[in-house]
Every structure is written in C-alpha cells, then in structure tokens.
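You will see two complexes here that share chain A, one where it goes with chain B and one where it goes with chain C.
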Partner chain A sequence: MVEVTTVRKAAGTPWSLRLAAGWLILVLILALVGPAFAPYGVNEQDFAARFAPPVLAGGTWAHPFGTDQIGRDLFSRLINAIRISLLLALLGTLIGMVIGSVLGMIAAHFRGWIEDVIMALVDFQAALPFIIFAIAALAVFEAGFWTFLLILGIAGWERYARLVRALVLQAQNDGYADALDSLGAHPVRIYLWHILPNIFGAVSVQMTINFPETILLETGLSFLGIGIQPPHTSLGLLVSDGRPYIFQAIWLVAFPGAAIFLTTLSVSLLGDRARDRADILTRKD
Partner chain B sequence: MTPVLTARKLHRSFRRHRLLGPDYVTPAVRGVDLEVEPGECLGIVGESGCGKSTLGRLLLGLLPTDSGTVTCLGNQLGDLSKADMRRLRAKMALVHQNPLGALDPRRPVGDQIAEPLLIHRHLGYASQSARAARKEAVLRAVALDPVLADRYPHRLSGGQRQRVVLARALITEPELLVLDEPVSALDVSVQAQILGLLKKLKAESGAGLVFISHDLRVVRQLADRVAVMYRGQIVEQGSTEAVLDTPRHPYTRLLRGAVPSLVPGHRVKSESRAIDAFPEAGCSFAPRCEQARVGCRTEFPVLSSCGGSHSVACLYAPAREEIAR
Partner chain C sequence: MTGYFLRRTLRAVITLWVAVTFFFFLLRVDVNIGLLALNMNASQEAIDSFNTRWGFDKSLLDQYWLWITGALQGDFGYSFRDARPAADWVAERLPKTLELSLAGFALMIVIGVPAGLAAAIRNGTATDRTIMSLAAAGYSLPSFVLGLALMYTFAVYLQLLPSTGSTSFAHLILPAATYGLTGSAGIARFTRAAMLEVLGKPYIAAARASGAPPAAVVLRHAVPNAAIPVVTMLGFSVGQLVGHAVIVETVFAWPGLGQALISAVANRDLAVVQVLVVVFATFMIGANLLVDILYGVLDPRIRTAGGANG
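The block that comes next holds the complex of A and B.
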C-alpha cells in the first residue's frame, strides 16, 4: 500500500491534464481579450486573398489561419467564435444549474405532490431527445441570442434537479438541517447558507460534465443553422460555413473543429479529475 | 409558578400507505399528559422505540400532533403561525443525541454557536461586538476553550462537540430545553463532565428541562421528576426517588432490574420475549408482565395517584411495603 501511494505521488499530475489545463487557459484568454487584438474584423473582407491557405500550408502571416470564400480572416473569426461559444456554454450551464438546483431543492423541501410533479417533469425531460425539442422550440419562437441561450440552459436542468434533490434529502438526514430548523432558522437560510455550500462540490462536478455537452449542443444547433445567426459567429457556424468548401479549403472546417474538440476534451478530462477527487473526499469519512 | 411546558392528551401515530389493504399505523405517543416547571428537570425514560424522541419533538412543535395540545411559555403551539413559531424557538431549544450530525461540517463551530443570534434578530444582538460578547459568555458557561471556536466540527472530540451544541442551544437563553439522549453517544468519563455541566446550567439558568434517556443512572443524577414511558404511554410518574427507588409499575421494576450493578451475586434480569403487536384491549404491558392477571387483559389501567405526586398506570400495583421488601 505504501509503495502504491509513493508511486502515485511521484507521477504527479498527468501530462494530459497539464495540456488540458493549458489549452483551457489559452482559450479563456482568447475569449476574454482576443477580439480586441484580432487583426481583422469578423466580417472584414479581403477580396484579393480569398481562400488564402494557413501559414504552414504555404500562406502568409497576413492571414495565419487562412481566409474563407469571401476573404474573411479565419483567425479573427475563430477568436470571436470562441468567445461566443464559450459564453453560451458557460451561461447555458449556469442557467441549467440554477433552474435544476432550485427545482431540486423545492422537490426535496416540500415532498408530496410538488415533488411528484417536479420529478415527473425530470423524467419527461430525460426521455425527450433534446435536439428535436430544441429544433421545434427554435422554429416556433423567434430565434435570437436569448431564446437560444435559454434553450441551452434548459438542456441539462433535469440532471441537476435529480442530483440536488438527492443531496438535499441526504443533508436533511445528516441532521444539521434539522438542528437549524429546531433553532428557528428560516428554510431559505438553511438552504442557501448551509445546505448549498455542503452540496456545491458535487454540483460543480456535474457542471464539468454538462459544460462540454452544452458546447456540443450549441455548435450542433448552429451547424444546423438554427443557432447563432450571421453576422455573429460561433464555432458551429464556422464549421457550417466551411462545409461546402471542405475539399478546396479544409482549414475552414479543421480549425474550428479542432477548437471544439480540444475544448470539450479538456473540460471532460479536468472534470474527471475533479470527480475522482470528490470521490476520495467522500470515501474518507 | 406557571409551568413552562404543559402537554395535554398528546397523540401521534405514523402511517405508511400500502397499495393494497389498510395503512400500517404505528402509534408512537398515546395520550401523554405532562408539565414542566421553570428550573425543573423532568426525566423521560423507556426502552428504545417507546416514543421518547417522538414525544420530545411533539413538545417542541417540530412534529405536528394528531390530537392534544402543547402549551409552551403561554403559547399553544398548534395555533402559532410559522413565523411566530420560528420566533418562539429562541426560547425553546433541542439538543440532539448526535452532536456531529447536528453541526454543519463546513462552518467553524464558533460561527455556528453565534448563528441563533443572527436568526433571532429580535433579541437585539445587532452589532458584531454584542454577538461576540454573548458568544464568549456561553463558551465560558459550557467550559469550552475559545481557541476551539475557529475549528471545524470534525476537528473536535465528542465531548467538545456536545459542548458546542449546548452552547448554541443556550446562546438565546431558552426557557425550555429538550435534551434527547444528550450523553448516550459519549463515553463514560465525558458523560460525567457533560452531566456536571447540565446540573450547573439547570441551577443557574432557571430553564425547564426535559431530559430524554434510556439510562436510569444518568436520569437519576439530573432529574427532579421522572416519567416512565412504555409503548407511547406514561406508565409511572413521580419524583425521581419515588419512581426509581420504590417503583410501583412492573415495567419500571423491569427497567431498574436491567441496570447492571456491582453488587456481588446480583444478576441482570434479561427478557427474551419481545411482543410486537399491541394487545386489543387491556394493559399494553400485560403480554410481558410477570404479574399479569385476568383483569389486565380486559381493563385499561389509567394513570392515577398512588400517594402524593407519585402516580402509576397499573391495576394491581403492589403496595409500598411490598416493594421495600
């Protein structure tokens, strides 16, 4: 046993995790400050340089990632797309977390028919192929940034609801919630001030699982043309725009595709790590 | 003196729904009457599952009654609004059996001790310094080192945790304290410390105490009066000496016989029969009772005085002289 632990310690953080963390930091910096430093505007055209290849494929440093069919700089578009896609995924995950957690708490607090109704909704949501629901919803409602964001948020709420309900029921069994109730604390105080900090670890692990899925959903819907609309851009929209020219200009699909792939993979890897750590913590007691 | 707590004809049962057939009904508390005066400690004893803890929760209004009334500090609990009930909780506290479970694992214990002052802002501890001063005072009262206030619950010993829970209960100066097996989870030396502390608190605070325990030795040390519960009913009640030294009810004598002692030749009376079903009529203890007669199976014994404040619910309670023998 002793040997095993020493070996583990010596190995340290695996290189895959270091790379994942590094990539995420880079992407975050790009999303935060990148657009200000982008060499060109999102829709700025350079007709002289249509389908310019990236630097390593014989292009010039004027357009390091190449240009598209109307001469827009892919590097500048990519930076803007990363910002929008990350923002949507982040806000979407947060919205799902808030909606799900609140409903989960309400279910666990009131029990009875309220819980039955909420859990029936959870099962309904879980049984629904979400992308079909999203297509229908976006077809009916006016497709705008906020509608789209709301739909991304709704995408994962049922899992938070289920998780939070179970955790709250467990916390009530632990006795500290009961003790606070007997001291006369208002339920809102018990939930926000005591139960929430205690269950936040598990909820944040769920968020790392949910986040890559939200990115994929966003890119998927944008690829189908019902998500982010031009003149704005997103990673999915870039892939969609580049698809007709895949044989002439593969970079139009390859760069945004790689960005999607690396970002979701990185978050998943780090989320796995976080989950392992949370499990160790729970195993200790 | 007006009692801090009066309970009249308390009934509470738990039902479990079944898909087919009638619900399972488990009566937990059946027709309990009791009173607690200020500065007095009422001990409630009985075997596990007899309804002691349910009774404790009913007395504090943490569990609704099926019927009967609880009057606490002049308020009838069932009539209060939720907000008034929460407000009243500053004056009535519960101390749990398991102190570790009763504390939030992610907050320093000092913050948790002072939290009731934030919950009950009407008590007037508005400033940080007023709260800190009050916290200092209760820490002294429960003899807890102020250094420990910055620690998390898992970094404290069992005895320290129980002191923390007591300090949190006492910080609002409650007039009624229900202690549900407060020392059962502690080892014997720590039990003695906590009991000493409780005795001191009882003498100093003037609060009414309800002390729930299965341990007769512990109850004897603290309680002024004792109520013995069997299957949700009080079968014997009176001063601690009267009930524990000259028990009139066969069940109290059985309980007392189950306490191990160091007298040579003394053997613990063990009883292997456990009866689950309630008898249809008559005394609920009759199926286990060695002295049960024909009348016990048909007639219901009512709690009635057998000399002074001592009362017993047994049709054929032996006379005092018989017990002394």
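The block that comes next holds the complex of A and C.
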C-alpha cells in the first residue's frame, strides 16, 4: 500500500497529465475572460475577408484562426463557443449530480416504496439511450438555452442516484450517523454536514466521468442542429457550421473539433488518475 | 430455468410499454402541436383543421388509446408532412441503418477485443501504454469530429472514397470506420480490465505452475472466462450505438433511421418521431434482454440465484 503511493510520487506527474491540466487551465481562462478580449464580435462580418485562412496556412494575424463563409473571425467565435460549451457542461454535470444525489439520499433514507419507485426510475432511465430522450424532448420544447441546459443536466442522474444510495446505506452502518441521530441532529443536517463530506470523493470521481460525456452530448446535439441555436454558438455548432465548407476551409471544422477533443481528453485523463488514487485509498485488501 | 427467462421477458415488455407511454405523453406535452407543426403565422382555422385531421382535438387519454391499439396492429399514425404511414419510414430506412450498424459493430469488435487482449497480456509494457493511450484518445474524440477528419483525409485530400451518400460499398467504408473506431475504444478498455481480472485468478497461476505453455493458458483458460463480461458489455453498449448511428448517419448523409429522426425533429413531424423513438427503444431493450438470456445460458449460477437485480 504505502510502497505503491511512494513509488508513484517518486515517478512524478506524467507529462500527459501536466499537459491535460495546462490545457484545462487555458480553456478556463479563455472561457472566463476571453470574450472580453476577443478581437471581433461573434457575428461581426468582414466580407472582404471571407474564407481567410489561419496564420499557419498562410493567413494574416488580422484573423489568426481564419474566417468563415461570411467573414466572421473564427478565433472570436471559438472563444465564445468555448465559454458556452464549458458553461453547459459544468452546469449540466452539477445539475445531474444534485438531482441524482438528492434522489439517492431520499431512497436510502426512507427505504420502502419510495426507494422502490426511485430505483425503478433509475432502471428505466438506464434501459434507454439518453440521446433518444434528449432528441424527443428537443422535438417538443423550443430549444432555448435553459431548456437545453436542463436536458443536459438530467443526463446521467441515474448513476449518481445509484452511487449515492449505495454510499449512504454504507455510511448509515458506519455508526457516526447513528451517533448523531441519537444526539438529536436533524436528518437533513446529518446528510448535508456529515454524510455528504464523507461520500463526496466518490461522487466527484463520478463527476469526472460525467463531465466529458456531457460535453460530448452537448456538442453532439448542437452539431445535429437541435441543441444550441444561433445567434448563440457552441463548439458543436461551429463544427456543424463549418461542415459544408470542408472542401475549401477545413480550419472551420479542425479548430473547434480539436478544442472538444482536447477538453474531453484532458478531463478523462485527470479523472482516470483521480479514480486510480481513490481506488488505492479505498481498497480494503 | 424457464421462470428466469419468463421473468426477464416480462420485465422487458413492461419496460418497453412504459417507454412507449412516456414518449407518447412527452411528445404531446406542448398542447398546441398544430401551431408547432405548421408555423407561427398559421390561421386559427388552419390549426383547428390540422388538429381535427390528426386527432389532436380528442382528449389525451383517447389519443393514447387510439395510438396504442393502432400500434399493436402495426399502424403508427401518419407523417404530417407527406401523409404516408409513419411505419413506412421505418421499413424504408431500417435496412440502411442495419447495414451501417452491423458493419460498424463488427469493426468495433475486430479492433477493440484484440487490442484489449494485447494490452492485458502485455500489461505494463509499452504496447499496453500505447494501446491504452489510443483508447483514451478514441474515447474522447466525438464521432462527428472523427467522421469529418476521415472524410477530409480520404474523400477531400486523397480522393480515394466518396464523402457522402450510400449507393455503393465504397460509401459504406468511411461511416462504418467512424462507427467502429469510436466504439472500439470503450471495448478495448473493458476487454483489458476483464482479462486482467481473470489473469489474476488463482486457477491461472495454477495452470501456469503446471507447466502449460503461456499461449495455451491465455487461449484455453483466460479468454473463455473473460468472454462473459465482454459479451455482456457489448450487449449493453447498444444504447451508445444508437447515439453513434444518429450522428454518423448525419455526418455522411447516410439515409438511415437516425438521419430520419433528426429531420423529423426539425420538421416537428411527431408521428414519425414517435415511431422512430419506439424503434430505437425496442432495439436497446431487445439487446438487453438478449444479453440477459445469453447470460443465463452461459452461467447457470445467475438463473438459479435470480440474478443480481431480480
């Protein structure tokens, strides 16, 4: 046990994880402050510079990442798209975590028929592809930002519910919850102040799995044209916008595509590492 | 034994019924379907006659009863757009989706399983790390980005393959490759984990200690035991495949069910959306049932114990 951890520490953090962390920090900074420094507006058109290539392909620094079919600056659009996509993925992950955790706690606290109903809902959700739910819901609701966010948030709730229910049942056997209960503490207080901090490690590992999936779902639905709607933009919508021009302007697809890929990959790599660590910490044998 | 299969089948039928009912009401949450399907400028008379024509003036429960009794006889209503039976959409497009999905699924297995086995057998070596890095990358690469990258490389740059359409075998290659490569990453990871677990079992150590050649230990003792969880995982991954099918078909303009679903959503053609949703749900629930039954056949402990979840 102890040996394993020391060997890992001695080996240092692999360069892939450093790059992943570096990329995420860069993307976060871009999302937070980038739009304020974007050289052009999201929908600002420059007809004189349609299909301007990026600097790397012989373009000029006026449009470092090139422009699209109506001369919109890809760099400025990319920064705004990163902000929207990250915001949707972060909030979406949080919403799913809150819904699932609360339902999981309710199931574990009340047991009986309430637990049966919640777990039947969990099984039902797990028995169907979520993307079909999302597409059907987007067929009837006007796809505004908040509706879309709620749909993304619901994705994955069933896994949090299952996990939290199991963890809470385990925690109830640990004695400290009983002790607090006999001291007269209110159940809500026990759950939020005492059990939640104890199970938060496992829940946050689940979040690192859920986060890249939410990005992929959001960009996928936006790519299909049923997610984020113009004038807003998202990384998936940028890829979709660039797709008809793949023959003459590959950069319109390449930059947003790479941004999605690097972001999901970075979170997955860091999440895998966190999961390995959690395994080492919790393994009983 | 028959009890186990009957329970599983009954459970699948109930899940399907709940799913169908759920989607029926979800698609009718918005009361003013006429306004949605026609457009904002439609007159009240046009909306009223639309609602009468498609039965939206009846109560929800009446509509539900009509729909479900019709569906049981193969009548899934009519497309708002061209007034053809919605079920015709499925009949026309199902072969295309099956062609792409089966080709993609076969590629997924052919790439994913050997990669996972190789990584597990060479655990901790450079081979293992390379395969797992590729798998991590494949897992994070959205299928539409991979599809467009393949399209750019092979159709635009090298001009070897057609970019979109479905008229020849050459048209199948890029979509099937996209489908197979995206899915194989998850399979490789899972196969590796299942194989590593089996390789750590005492009976493998015993087989090795008995002097059996390493290849025989792997092929005869480890692979068959690792196969059960891998087969299960393949069955349960059908849900993700539905998502892949929708996106890959859209990228390559492949005229299958997924592409039909997206255009029906864009047109607010609810009868078609409804029937397609039912078809996709049936696929996934059917695949899960198949896995349960296979599992019961392969592993007698499960059917006698009633399984982990009933």
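Definition applied: the second predicted complex is superposed on the first by the 273 of 285 C-alpha atoms of A that agree within 3 Å, B and C clash if a C-alpha of one lies under 4 Å from a C-alpha of the other, contacts with A are read in each partner's own complex, and residues count from 1 in each chain.
Going forward, a contact is a pair of C-beta atoms (placed from the backbone, for glycine too) under 8 Å apart; a residue touches a chain by one contact, two chains touch by 3 or more.
This structure is a prediction, so every number in the text was calculated from the model and none was measured.
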Key: Clash or fit (per the criteria above) of chain B with chain C on chain A   = fit
Task = Could you tell me if A:I131 is touching chain B, chain C, both of them or neither one (first, second, both, neither)?
result = second
Key: When both partners are placed on the shared chain, which of chain B and chain C touches more of chain A   = C
Partner chain(s) touched by A:G175 [first = chain B, second = chain C, both, neither] = first
Query = Does the superposition put A:L24 against chain B (first), chain C (second), both, or neither?
reply = neither
Touching partner for A:H194 - first (chain B), second (chain C), both, neither = first
Request  = Return first, second, both or neither, reflecting whether A:V55 touches chain B, chain C, both chains, or no partner chain.
outcome  = neither
Contacts of A:L183 with chain B and chain C, given as first, second, both or neither = first
Query = Shortest C-alpha to C-alpha distance from chain B to chain C once the two structures are superposed, in angstrom?
reply = 12
Remark   = Contacts from chain A onto chain C in the complex sit at residues 16, 123-124, 127-132, 135-141, 212, 216, 219-220, 223-226, 236, 239, 243, 246-247, 250, 253, 257, 260-261, 264-265, 268-269, 272
Task = Can you check the complex and tell me which residues of chain C touch chain A?
result = 15, 18-19, 22-23, 26-30, 36, 133, 136-137, 139-145, 148-149, 151-152, 156, 163, 239-240, 242-243, 246-247, 250-251, 261-262, 264-266, 268, 270, 273, 277, 280-281, 284-285, 288, 309
Query = Tell me, which parts of chain B touch chain A in their complex?
reply = 60, 62, 85-90, 93-94, 96, 98, 101-107, 115-116, 119-120, 154, 165, 168-169
Key: Contacting residues of chain A [partner chain B, same complex]   = 174-176, 178-186, 189, 194, 197-198, 285
